[in-house]
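Sharing a structure below in structure tokens format, with a few things to ask.
To keep things simple, chains are lettered A, B and C as they appear, and every chain counts its residues starting from 1.
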Amino acid sequence: MAAITGVIPRPTSYAGLWGWITTVDHKRIGVLYGLTAFIFLIFAGIEAGVIRLQLASAESDLIGPGRYNEMFTMHATTMVFMVIMPLSVSFFNIVIPLAIGARDVAFPRLNALSYWIFLFGGVLMHMSFVVDQVPDAGWFSYANLTEKPFSVDRGLDYWAISLLVMGTSSVAGALNFIVTIINLRAPGMTMMRMPVFVWMTLITSLLLVLAFPVITVGLIELTMDRNFGTHFFIPAEGGDPILWQHLFWVFGHPEVYILILPAMGMVTEILPTFSRKPLFGYPFIVFSGIVIGIMGWAVWSHHMFTVGLGPVANSVFTITTMLIAVPTGVKIFNWIGTLWKGSIEFTTAMMFALAFIALFIVGGLSGVSHAVSPSDFQQQDTYYIVAHIHYVLFGGSIVAIFAGTYYWFPKITGKMLDETLGKLNFWLIFIGMNLTFFPMHFVGLNGMPRRIYTYSSEFGWEHMNQLASIGYIVMALGFLVFMYNLWQTRNSRRVSHDPWDAPGVEWTISSPPPPYNFAEIPQILGRDHYWIVKENAEAAGTPITGPEAQVDPSSIHMPSPSYWPLFTAIGVALIGGGLLSHYALSFVGGIIAMVGTVAWANEPPSAPSDHH
Amino acid sequence: MAHEIEHTANHPTFKQYVVIAIILFAITIVEFVLIWERAYIVDYLGASKVPLLIALSAVKFAIVIMYYMHLKFDPRFFGTVFIAGLVLAFLVGIALIGLFVGFEGNQRTYAKANAIPYVHHGAEESAEGEHGASSETKHETPAVVGPVALVVSAVGETLTFDTNSVSAKSGSEVTITFDNPSANNQHNLVVVQAGTKDAVATDGTTAGPTNDWVSPGDERVIANTALINPGGSGDVTFTAPSPGTYQFVCTFPGHNFTMFGDFIVD
Amino acid sequence: MAHAVEHEYTTTGLNHRKMLMWVFLGSDCLFFGSLIATYMVYRGQSLVGPYPIDIIDVPLTTISTFVLLMSSFAMVQALSATHADDKKGIVNWLLATAFLGAIFIGFQVYEFNAFKNEGLTLGGNLFGATFFTLTGFHGAHVTLGIIWLVAMAILGAKGRLGPKTALDVELVGLYWHFVDIVWIVIFTLLYLIGGFDVGPAAPPGGH
């Protein structure tokens, strides 16, 4: 394939749109992930808005049941796979190499490939709206509702194929971060000196590579049932719909830890910075994260307590689920220990981080009540579960992502998000979130089932639902304030490389960092490396006043940009798209992916006339 | 700065690789012999061949990983990540199998009840096929009163009879014709002593399909049809017992909860 | 790939790509594990035949298992040849591995065809569904491996494989051996043990 690489030389320029399309720079890829995920957040938020509008009054007929099913299915699917996960990956991309003292991830082109496949997979999922065959069987798509006789249009095929495509992106990305974290830490950064966010990313990535294959098999079997005549989940032919549930939740439970561990990691970085003291109980926080990652594999059937697995299975999973609350509790106590006697700075990032602790505790408490299988018999499929989900995923993950955004925004852009707008953002989100989801505990225990498009006024649920819908408006305002905050940074002044006086390695270099990150790979002195550096410098009478010096970029060899990740991603996307339209397209996609792979493998590290 | 460790020349030699290959072949031959009818070992082994085969395969598995994949000589890290995935896959697999086979009890009887034996193409063996509509007659004392013909039918797939009460005069010769127009379900109709329908059904489950889901010699059973396949029909003739209320029920596992009625003898 | 890349810095001294391959193989264990679990859960649950005992041909598949084991031996020789800078040996052993893999696929194709003629299809019963899906994905993995091996053989013929680029051969070797050990598991469970399943009338496990 030297012919191809000879004819199309490897690009070298970072400039312009083409620079972004061929980028292999983790910082840019992180920004791409973040922007794309934010757009999907708006879609999923609109879907939530439709749901809340519909449920605000009893016996409403704003939208019909079919459309309602599509709304909650797409809201959840989008939020889980196209918002929270890629936002987490956005932070992995931006922060991890900087936090470990590396110049990029271990496989920069694979990193780019992961982004492009994610983008195309997300677009593929939303093509279902264009053809108006939207998935409508819930984000967990229980069989055998999802089989062809009951879900006739192609919505479920869009769902399954898009998730398969996005799954490859997630696994590729996770593999990349595992190797990066293990193998690209700067000298002196032992495993037990890594920032907790790096640890949580490692554990999350291990969970990703191990859990995704299981749902891949489930999705393949579902697709085969729907399109190739098999009967994996069809009872009349001997198949068992429960197998789908098992396969889904063996993936699904580690998935929720994939959603929350990065968030916990971010919060764990922010609390010490704004308490002006080191993290309390670092080894305990690390080990409890590891324990959560391992035990997360032993609890999945708590999503299936009401399926009829029998008392033995239910008891086993009750016990394991109750046990997994323990390591989370350990983290919470260590966070409190970090705050204790600290001199707290109530920046926006800190307020979101503190809110995370409180809201996650609420979600965790309802979670513990679900763990007890007899009580779950009442709670299952009611709004009590919806409340739990949103306290841990919104009050947990989203709130932490807000915190991380306010915290690391200055590092990646060199500008700060406005603190006043930030506080307004915070209060709108916090109040709105509680207004929406707290009442759901009550209507849920009062019997309001999930996934109903309307309810009779006789049940007395209307007031709580109205409250919840008002809360949505408050949250939406909060998001608008955030978007305005982002927008107005165009004109705000630059800030220093270290606006928070933070301990992490990433704060030693300029904001935004140079393309090569570190002119010299740092020698890590300890857990709170930069605090140690700054203290030593103070003590020596030469306090740090600026970032590490920059050098001429061409003196540091960085991987050149490349077309092949995008090219190969197009091939992968076409394989998926072809399965949904014309099989010939899949064949073409396969050829493209193979050509892309070979060309990728054969392209030189950089073009001969390399310049940046 | 740690540079890549140079690849150490810690390889097995060509001869050792050949020996390993021969060991792998030999184990495969042993496995084959263990299951080969002509070797007759399989007759002695019975079910114990399963753990033996698994153990032998595990040995092959380990040899390939250790030597061909070089894990024995490589830094431990590689083995750790791979073995972690392997162990997790194994545990999750065992858990899934356990959840289906171990705890679900009667729910796995659908296949047993509905499976059709396989007939090779061109085979002339008289396949058992489906049960024909067999009539079982229990003639006891000649009818004192005139014969009674009753017709009861299953209703679609709803697991119910189309009537919840039939009656006959005591001592009459009763013929119940039972129709099964459902598409997916086998049914029977069993006349039993009052209040015993569930107990008879429970015992019938143990008795199995070859006994038409009725325990042979069950004294609570007055009469029963054979197991009727979807679309089929069958009948049973018996003498109506002494006056009282009896029950009729379908004892196909699980159907007794909804598929029953009263048989009133006056 | 296949360039003499200057030694890059690593924290552990281990190679990035080798680490990636091992973690990926650990992940692939879960993939095949789930397919195998599906097969095991559905043993004895098919409603119609053909059931395994009616069509599984253990002697034939034992031969194809031998072939795959031999291909792993050839793969190991290819890596040895790479370390020894034996250019002809590299190409020959890589091609031999690919060739033996192709013979294995040939056996699979023959078997799939024979089963189809006997009435076993994806949609016919659960045995067909689980058997074809599991062995089909394994066969797809083998096929991708064959393509990779042929590509490597082409590189070898161009003289681009040798002690400095031995890792590239080692990586395809790890993948190939993994595919072989997955087959060991499949052969044992689906053929040696499961091959005697008689259908739901008799208990699975075969007495």
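To be clear about the criterion, contacts are C-beta pairs under 8 Å (C-beta built on N, C-alpha and C of every residue); 3 or more make two chains touch, one makes a residue touch a chain.
Quantities reported herein were computed from a predicted structural model and do not represent experimental measurements.
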Chain whose averaged C-alpha position falls nearest the assembly-wide average: A
A-C or B-C - the one linked by more C-beta pairs in contact: B-C
Separation of mean Cα positions, chain B and chain A [Å, integer]: 44
Inter-centroid spacing, chain C versus chain A (mean Cα positions, whole Å): 34
Touching two or more other chains - residue numbers and ranges from chain C: 9-12, 14, 19, 23, 26-28, 30, 33-34, 41, 45-47
Chain A, residues touching no fewer than two other chains: 178, 182, 187, 209-210, 214, 238, 240, 243, 250, 521
Two or more partner chains touched - positions in chain B: 1-2, 77, 81, 84-85, 88, 92, 96, 100, 110-111, 114
Parts of chain C lying in touch with chain A, wherever the complex brings them together: 1-3, 5, 9-12, 14, 16, 19-20, 23-24, 26-28, 30-31, 33-35, 38, 41-42, 45-47, 121-123, 125-126, 128-130, 133, 137, 147, 151
Touch list for chain A against partner chain B, complex: 178, 182, 187, 206, 209-210, 214, 235-236, 238, 240, 242-243, 246, 250, 297, 301, 308-310, 312-313, 521
Chain B residues touching chain A - in the complex, by the definition given at the top: 1-2, 77, 81, 84-85, 88, 91-92, 96, 99-100, 102-105, 107, 110-111, 114, 184
Residue ranges of chain B touching chain C (in the complex, touch as defined): 1-5, 7, 9, 11, 14, 17-18, 20-21, 24-25, 28, 31-32, 34-36, 46-47, 49-50, 53-54, 57, 60-61, 64-65, 68-70, 75, 77-78, 81-86, 88-90, 92-93, 96-97, 100-101, 108, 110-112, 114-121
Contact set on chain C toward chain B in their complex: 7-15, 18-19, 22-23, 25-30, 32-34, 36-37, 40-41, 44-51, 54, 58-59, 62, 65-66, 69-70, 72-73, 75-77, 80, 83, 118-119, 166-167, 170, 173-174, 177-178, 180-181, 184-185, 187-188, 192-193, 195-196, 199-201, 205-207
